[in-house]
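Letters are used for the chains, namely A, B, C and D, taken in the order the chains are written, and counting of residues starts over at 1 for each.
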Amino acid sequence: MVEKKPAEPVLSKRRKKFVSDPLNDDNPITVQVLGICSALAVTTQMKPTLTMAISVIMVVVFANLIISLIRSLIPSRVRIIVQLALVATLVTLVSEVLKAYQYDMYKELSVFVGLIITNCIVMGRLEAFAMANKPWDSILDGLGNGLGYSWIILAVAFFREVLGSGKVFGWPVFEAIGIQNFPTNGLMVTPVGAFFILGIIIWVQRTKTGYVEH
Amino acid sequence: MSHTLKLKKGFDINLSGKAEKKLAACDQPKTFALKPTDFVGIQRPKVMVAVGDTVKAGTPLLFCKMMEEVKYCAPVSGEIIEIKRGDKRKLLEIIILADKEIVSEPYKKFSAAEIQQAEKSELVNLMINSGVWPNIIQRPYGVVANPADTPKSIFVSTFDTSPLAADISFVLKGEEKFFQAGIDMLKKLTPGKVNIGVNADVSQDTFSRINNAEIHPVSGKHPAGNVGVQIHHIDPIAKGDLVWTVSAYGVAQIGKLFLEGKYDASKVIALAGSEVKNPQYYKTYTGACINKFVEQNVTGDEVRFVSGNVLTGEKIKSDGYLGFYHQQVTVIPEGTHSEFLGWILPTTKKLSFHRAFGLLSFMNGNKKEYVVDTNMMGEHRAFVQTGVFEKVTPMDILPTYLIKAILAEDFDEMESLGIYEMIEEDIALCEFVDVSKNNLQQLLREGLTLIKNS
Amino acid sequence: MKFIKDIFDKNKPAFEKGGKFEKLMPLFETFETLFFVPDHVTPAKGAQIRDAIDLKRMMMTVIIAMIPSLVFGIWNVGYQHALATGQAMDFGQQIWLGTLVVLPIVIVSYASGLTVEFIFGIRKGHALNEGFLVSGMLIPLVVPPTIPLWQVAIATVFAVLIGKEVFGGTGMNIFNVALTARAFLYFAYPSQISGNVWTYLGDKNPVDGYTGSTILAIANEASVTKSGSVVEVLANSNTIISADFFSFTNMFLGFIPGSIGETSTLMVLIGAVILIATGVGSWKIITGVFAGAYLTALMFNMIGANGFMLMPAHYHLVIGGLAFGAVFMATDPVTATQTERGKWIYGILIGILTIVIRVFNPAYPEGIMLAILLMNAFAPLIDFYIVKANKQRRIQRATV
Amino acid sequence: MQQSNTYIIVFSAVLTIVLGGLLSLANQGLKPMQQKSVELDTKKKILSAVTDLQEKKGDEIIDLYGQTIESVVVNIDGEILEKDKDGNPLIAENIDIAKNYKMAPEERLYPVFKYHQAGNKEAVEAYIFPIYGKGLWGPIWGFIALETDLNTVKGVSFDHKSETPGLGARITTAEVSNRYVGKKVYNDGKLASVVMLKGENNAASNLDEHHIDGLSGATLTAKGVNEMLENYFIYYKEYMNKAKTNATEKVALLN
C-alpha cells in the first residue's frame, strides 16, 4: 500500500511566507517599484485609497486563483492575452460594482480603477506565480501582494490626508483634539507630495532592511 | 623657429628663497642612494648587487622584471652599504658609500658624426645598459619608456616654471655640446620630430640654437614649462599614441654618455626655500644625501625638506636622498599650527590664487615673494566645483570632469576626457588651488594605474 | 586665543574614539574648526603647499555679499510697516521693528537647518559642511516678513532633508537648497506666499486703500483683468502713501513690499560686485540671467499681446526676485552648470524662462524661482553637451 | 507543450464567451442600482445648495427630492420648454450643463429647480440655478439658490476641476460658500451680482450686501467665480422676471 504523504497544513510556514514577504522585504511598491502611478494618483485621501486597495486585492486574488485553476489549459502562446482578458474582465466587474454601490468613490477613482489592468503588480503575479503554482498558494500570493500594495498606499494616503486636509477618513482629527484652523499643507494634496511621502517611506525602509539596488 | 605659443591660464607661485645663481663650494655627501620608488613604472624590482659589493658609476644595480633590458645604475662608485626595504619587503633604497674619486664603468665612445652613422640598436643597447635610459619617460602614464617601442615624437622642455625651480640654462651651462649630442641621439629614436620647448620670456636662450630639432618658444605662467602642456599644444597624444619626454638634464647626460663613454650622474642642484639661509646651487650627483647641504644652512626648527619642487616633490628627512629626476631641494616651514579664526581673517600674507573675502594677496602684485608652510589651510571637503581648475590648466581639458571620471572609475570617460595627456605634475596646480583640499595628484595616478592595468 | 585653544584641547579626549561623547565628534570638530584652522599638513607626496582658500572662507564670502541685502531688508520691513499703518516712526524704530521681525526668521532658519545637518553629520561621522551656512541665510531673505516661523522651520527641514541629504549631502544636491525651501512654502502654504499682503502689519490695521501686494502680483493681475497698462496700474496703486510709490527708482532702490532680501536691486548689485570681484560668483551666470531676461522682455514688448508683455523691459529687472535670484541663487556652484561655456547658456535660459513664466503663468508670479529650479535640473544636461564637445575635439584632433 | 491552432482558437472562443457573458450579466444585473446612483448624485448636489444633507441616506434623499423639488427647463427668454428639438421630453436633471456651455447662450437649455415645502408645490421656498464657468486652470461649476424674492442668496455650492489646491480650490469649502448666504443680487432692481473681493480679510466696511471677502492668493479663481455668477444672473434674468411677476400675482391673488 502506498503511504499517503501527509497533507501540507493550510497555513504552513512556506505558505505564510507568500503573504508576509511582499509586505516588507519584497514589497511590490517600495522594493519592486511597481504600481507607482496609482500610488501617486489616488492617495490624497484615505477613503478612495482604501477602495482602491480593496479593488486591487480583489482583482489580484481572483485573477491569481482563476489563472492558477486553468493554468494547464491555457495555451502558452496566447497566455499573456488570456491573462489580460481575465484581468480586464475582473477590473470591469469591480468598476461596475463600484458604480452601483459606491458612486462617489467611482467618480473619484474613475480612470484609476480601470488602470488596475495595466498595474504591473497584477500581471506580474499572474505571469510569475499563478501560472506555475497551485490555486491555494496562488490565492495567498495574491493576497500578500495585494496587502503589500495596500499598506503602502494607505500609509501614503494617511500622511497626505492628515497633513494636506487635516483629516483621517474625512474625520477632522485636529479639530477633535482642539486645534482649530490646522494649516493644511497644499503640497500634500498634489501628486508631488505623494512622491515625497513614498520616497521617505522607501528611504526609511531601505535604511532599516539595508537593501541595496543591484 | 616656429610661432610662439602663448599660454594665458596658469599661476606663478612666487615663493621666497630663490637660489642665487652661483655654485657653492661644499664637500660631497658621503652616501648616495638609488631609490626605485622614483620610477613610477617599476613594479617588481630585482636587485643585482649585495651589501658589501663595490660598484663603479654606471654599474647596473637593479632592473624591473617587467622590462628586464633596462638597467638602473649606480650614480657613483663605492661600496653598497645598505639595501633598505619597507613593508612587505618593498625595496626602498640602495645606499652607496661613495669613493673619494668617482670611477666610471668604461663604455664605448662616439664622436658626433659617429652617432649619426651608428646603428640605432647599438646606441639603444648602450643606453639601456649604462643607466641613462630611465631619463626617457613615456607618455601616457609617465613611466620609463620601453626601448622596444617607437614614439611618434620626442619632447624636451628646457625650462621649469614651477616654484623655486632650478634655472636649467644655469644648470647646464657649458654642457651645450652634450645637449646637442643628446638631441642627435634622440632624433634617431623617433620617425617624427624632436620638439624642444624653450622659454620665450627669456631672450638669448641657449637652447634656441640647437639643431636637428624643432624649437617651440613657449610663454606663460606655470605650468607653461611642463612638457605635458607643451605636448598638448604642439603634438597632442590620442589613444594609442606614444610620446617620449626627456628632461634637459637627461638629454645632456645621454649626450655625455656617447661623447665621453661614461655614465656621468653629476648634476647641479638648487637648494631653495624660505628656510634656507643661503639659497644657491650645488654640484653633486644624482641620489645625493642632502645633509651636507642643509646642515647649518637652515633657519627654524620645524621645517620640511622636499626633494623636488613644492608642487610635485616628495618630503624627505634632513639626511634623506635626492630623487632621481629632481634637480632641487626645497626647504619650507612645516605647518603644524592651528590658526585662530584663520579661515576668515583678512590677510595679504597668505598666498592665494583666489580672491575670496579676506584673501588679499592679489593686491601685492606679482613681484611679492611669499613664505608658505605645509599647512593644508582647511579641511578636506566634498568635491565642490568652482571653475578654478580650468583657470590654472592651460590645456583644453576639463580637470573637474576628469577627476570625477576617475572617482567613478569610468574608463571610457577618463580616456575621452584626456587622461592620457596628463601626469601628476600637470594637475599639481589644481591640487594647490583646490578649495576642497583633495589630493588630486594621487587620485590622477590611481586613475592612470587603473587604465594601465586594464 | 590660547585659553580657547586650551578649552578645546582639554575636552577633546571625551570626543575621541572610546571617549564618552565619541558619537558627537563631528559636532566637536565643527566648533573646533570654527575657531581654529586645524593643524593638518600636506601629505608626503604631491603638493607640499596649499592655497589659503578653504570652503569656509568661500561660503563666508557669499554671506558677506548678502549683508547689504539683509540690512536693507531689515530696515525696509520697519519702513513698510510705518507706511502701511500710517504711523510715524523714526529710522531707529524702523530698524528695531525690522530686527524683531527678521532676526527670529534667521534664527529659526539656522537652528532648524543645522539640527538636521548635525543629525546627519553625526550619523555619517563627518563634520558639518559649510554649505548650509549660506542656505540658512538665503532662506530668510527669500521669504516675506509675514511668514509664520513654524513654516520657516518646516520648509528648512524639508529643504535640507529632501533637497540635500537624500542626494547624499552637500555637493551632491541637484536643487538649490534655499530655493527648495521657497518652493516648498509656495506649494505647501500658498496663501502666505503667493504675493498678497507682504507687509508686516503686526496687530495694526493698514490705512485705507493700502495694498500690501507685491508688484508681480499687481502686474500679473493687471494683465489678466486687462485693466490698462501695468505701469499705469502700478502708478495708481498705493497712491495713498505717495504718488510714485511704485516708480522705477523706488523699485530699483527697494522701498517696496516684498521678500525680506529681494526688494532692493541696488543692494543685490552691491552683493554681485562683491561676488564677482572675489571670483566666488560666476559673472557669466549673473550677466546671462540679466541679459536673457532683458532681451526676452524686449521681445515681448514687440509682441505686446497683453499689459504684462507691454511692461517696459527694464522694469522686469528690478521687480520680484530676479536680481536676487540671479546673483545669489543661480550662481550656487553645486547646482549650476560646471563648465564655463555652460554657464552662459544656463544663465541666459534662466533669464528667458523667468520672464516667460512671469508673463504667461498667472498662478506663479515669481518666475525666477521656478526658472532656476528647472534649470538646476537641466544643468547636468547642458554640461553633458559641453563636455561632449570637448571630447569630440580630442577625437577629431587625433585623426587630423 | 505546444497546443494546436484549433485548440487555441477553441480556447479563446470559450474564454471570450465566458468572460463576455459574465460582463453582460453583471452589467444587466447592476444597471438599476447604477442608474439610481447617478440619479442620487445629481439630486444630492441640487439639494445641497439649499439644505444640509449630511445625515440623510440615499433613499431618503431621493424621497426628499421628489417631495420638495419641481424642475423645469427654460430658454434664454425665460420660456418653459417641454420638448427638445427632436421632440423628446426634456428632463431638467438630465441636462448636461457643461455641454450646453459650449453652445451660444441663446441656444442653451437652462434648468431651474424649485424648492418647495414637502408636498406643496405652491409654497416655493427657493430657486436653484446651475451655473458653469471658467476658473484659472479649468472649468468651475455649481448651483446657486435664491430665495423667493429672487434677490437674496440662500446658498451656493461650487465645484472645480483643477484649481490650485489651497488657493482656488478653496471655493468648494463651506467656509467660502457660507460667505454668500444672505447677500443680494439686485440693487434697486439693477443687477449688481455678488462679487468676491480681492484678497482676504478685507475691511468690514467693504463688505456690503453685494460683496464678500475674497481668497488670498486666488484672485483669478475669484474672478472666474464672479464672472460665472454674473453671466448666469443675466441668462436667467428673463425667467426670474417672469417668476417674480407670477409670485406677486399669486400674492395679490391670495390677498
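Assume contacts are C-beta pairs under 8 Å (C-beta built on N, C-alpha and C of every residue); 3 or more make two chains touch, one makes a residue touch a chain.
Keep in mind that this is a model prediction, so the values were computed, not measured.
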Centre-most chain [mean C-alpha coordinates]: C
Where chain B and chain D are represented by their mean Cα positions, the distance between them in whole Å: 87
Whole-Å gap between the CA centroids of chain B and chain C: 47
Distance between chain centroids, defined by C-alpha means - chain A, chain B (Å): 66
Sequence positions of chain C contacting 2 or more other chains: 188-190
Residues of chain D touching at least two other chains: 164, 166-167
Touching two or more other chains - residues of chain A: 186, 190
Chain contact graph, described as a line, ring, star, complete graph or other shape: other
Pairs of chains in contact (touch as defined earlier), listed by label: A-C, A-D, B-C, C-D
Complex contacts: residues of chain A adjacent to chain D: 73-78, 82, 85-86, 89, 92-93, 96-97, 99-101, 103-104, 106-107, 164, 184, 186, 189-190
Chain C residues touching chain B - in the complex, by the definition given at the top: 1, 4-5, 33, 35-58, 60-61, 64, 127, 129-131, 169-172, 274, 277-280, 282, 333-334, 338-340, 343, 387, 390-391, 393-395, 397-398
Of all residues in chain C, those that touch chain D in their complex: 188-191, 194-197, 205, 208, 211, 213, 217, 221, 224-225, 362-363
List of chain D residues in touch with chain A within their complex: 1-3, 7-8, 11-12, 15-16, 19, 22-23, 26-27, 30, 33-34, 37-38, 40-41, 164-167, 169
Residues of chain D defined as touching chain C within the complex: 136-137, 164, 166-167, 198-200, 203, 216-220, 223
